[in-house]
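Let me give you the structure first, and then I'll get to my questions.
Chains: A, B, C and D, in written order; residue numbering restarts at 1 for each.
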């Protein structure tokens, strides 16, 4: 039996939602540890997260989703339920820059993520050494315009066979195809090295330098068909001045990227991020 | 009929709390707009805030507290219920420095607080002009060691007759007596011009300057018997460097003080702050 | 005799600049209180600020510029010299929203600016009351598409006759014409209520809300021909979440706008901002 | 010949300092890349940093200090001169917690420090594996009350024989003796896991949790005889709420500690930190 369950709910706003869900949990012997809800009044949407203790819960974990179905139908509810004994497998995609990859591996080792890093994937061989150091399997998929389609198909096969549930692009410099993304909807997190929507696209620190901004940023977001336009999970900024060269911005940016990506991944793995439209609700 | 009610709850942690409260709201026809809860597992304490719509609610506002009593007894619950049509009256206490006083009056005018500024109280006459400009009654209570006891008693009489529910010390430089404070438990908010617990007591910017810190701060907190040691509601910091003189710190600090005090007062007036022990739970 | 002089210098980078300038100051009996320099190595440009004490200086203030000319020619130097006994006159332009206007007036009263607020200009009559409260002359210039050209010409006449040296757009909602701007190059400061270059143009908080960003910002910049694209002086951000409505963003934004505009104006008045290309060098 | 020299100067404030130093540099053929100065008017102290290009400089690097002597005497100047071709050796001291140690090693690998990590020293054997991974020599010095004196003497011998110029305490949990510290005055940087002067001593996150602060901090400072009271180089804070357990604070704190310690070490190695009294001047 897992220790806790986390229930994520999205549905049209209506009376009785909190009561209905919390009573389901209570009457089956659960104790709510944390509950959060948000109502987008204009859109008429209700989103909620309930984390409850399963000690003494009268429904076996495997049957809870089934038993929730009638409540879900009553409220036209979409829901997910996650159990604390399930340790999801994560794939880290990297290219040449190692700082985000190493940082995520270290956070995992420090116990910040309830997850297993199942594989490191890269279009460059360099990341293999880092993966080896942390005893994580490594897959090298060089990508060219010609091989991309084939390589992505192969990647997907591997990810599936490894049971990967979340893909984290740790400064991965290849654009994923729509087909690839469609396999992991809201399950691919990217770090963009600017304060989106400022400086989309390539070389954002160069763009920031040329514009003369006084703060630089980083954005952790889900990957969608539209590059750099997916739902934002987390953002942070750091101060710069005229004294900062592009190299200084890149250096300061590394700290931002690591911090923001680490937070975004942790929030996702804690089942604290719900998406609707092109936005996120983050129950932190 | 008010539009919404906000229910604040503190009780020993136990199963069925969220379910019990939310079902009470639902079964009487209320719609929960926002709910927040926090369980201090070690202390075994449950704290929660429910904001619900009273449109169609079947219990008259004036009777809700009564009808909640049996639920409250069942769960050994302490609770407060606040209604959106009640506009609380606030007293602002100031001394010579006008920035926090003016800032609060402006925020009120901009609609940031659901409150009425009922009176400005000062031990100096200067604040009278500011109060006049915002058409707020002004009371001048000069304080000396000899007159303090008498003046405080007089102040309390006035505050009571005005129906004041919250006192905000907007850089008020007199220490309130224990007797005075006892009349407004967790209903007096002070702004201390340092990042508490650093630099308690007098002249914190001077202390900060001497210590050579690289950040200065401000703290909004409830006033208790122990000076500068009450429950913290909000804190913020700003960067300083060796170039900043004490005067620069005082100037930068003014912005911090205004921001932090404004936020603390707004959080309190939104019934978003619960205290337990010497700490706050802030449901923002 | 003024107390201090501030010399701002821009020229091609070359050896001997700091030595040449500081020796000029020293050999004429001045004491450098603060010096800052920045070399844009790629552009080959040197920018510097020297603040020096005039007590015992052997050249009368009025003759210093003349005496600097040979040095300036030697180094192909553009320079400005400012004296501490010159209190520049500032015009504040506002529309309906009062918070930035009031804030600037208060900062001026608190002694944060070494300047005189010479006039408040608005296309709405409302600001007149605020101006009156601070005993600042008020000019009301309603603007329509037809009257704009004429009104701007009239405004310029008034500003000139008042000796205005700096114009601050305190949430002034009219776009200034190129002609108008050309009269005050790098002498008009605007506050844009977003983190530029994100959300240029109208209703940036609405844009930010729709995009689902996790931080909102404000930008103080010089006004140039290209709307929202002038050299940035200062920027700041504040955290928002899904809970923040557009109204909450507007409220939080007010604090950002006040702080950023206040800092930008203070930096300009302290002769701490130099522009080159479309960027600023801020010697703070 | 090194590329650049950095001259750090401390002396009584007086006229002609900038002129004297910059002329010395210019007349010997140097080009000043960056100069910063600070005058503590009350204390009457002048502190400055000049970074200049040695290309075409007419004095050999080894002779510059000698040639500066007469200028130094004239102005009662204490000075240090550093050359860019000198790569200082740094010792990292760690105990059980690896995050700061790993972070510094990674920053060094990323080229953030112009330094060589000469040795990792620890009172625990665990750090040995990390040191090995980065190919840095490791010294294990278990410390007990009885062995401390002897072990420190041995450590000093090793540090001296390795030519170590800077010691960084990367969450090193042993208190260094006064004797040890006296060997590296302003050459030992510690990271304290609180916003000093709040929460000095042991378990600052526990103290912060108990006090209910809304921000936690970290402080990078030089180590002096008085624990946690040395000159502060850099500080940073992060937001916490009632939801954050002590473990959450420790986790958030790790990011703060890494960032602050990294910045403090980089500033020191860039010869950007001068100390006077118990404070620092940071020319960043």
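Rule of thumb we're sticking to: contacts are C-beta pairs under 8 Å (C-beta built on N, C-alpha and C of every residue); 3 or more make two chains touch, one makes a residue touch a chain.
Remember, predicted model here, so these are calculated numbers, not experimental data.
Listing every chain that touches subunit C and subunit D alike gives A, B.
Distance from subunit B peaks, on a Cα-centroid basis, for D. Once the centre of each chain is set as its mean CA position, subunit A and subunit D turn out to be 37 Å apart. Between the CA-based centres of subunit B and subunit D the separation comes to 42 Å, rounded to the whole angstrom. The multi-chain contact residues of subunit A, meaning those touching 2 or more other chains, are 38, 243. Taken together, the touching pairs cover every possible pairing of the chains.
Against subunit C, the residues of subunit D that register as touching in their complex are 14-20, 22-23, 25-27, 29-39, 239. Here subunit D touches subunit A in the complex through residues 99, 102, 106, 110, 112, 133, 243, 251, 254-255, 259, 262, 284, going by the rule given at the top. Listed in rising order, the residues of subunit A touching subunit C in the complex are 38, 195-199, 211-215, 217, 231-237, 241-243, 277-282.
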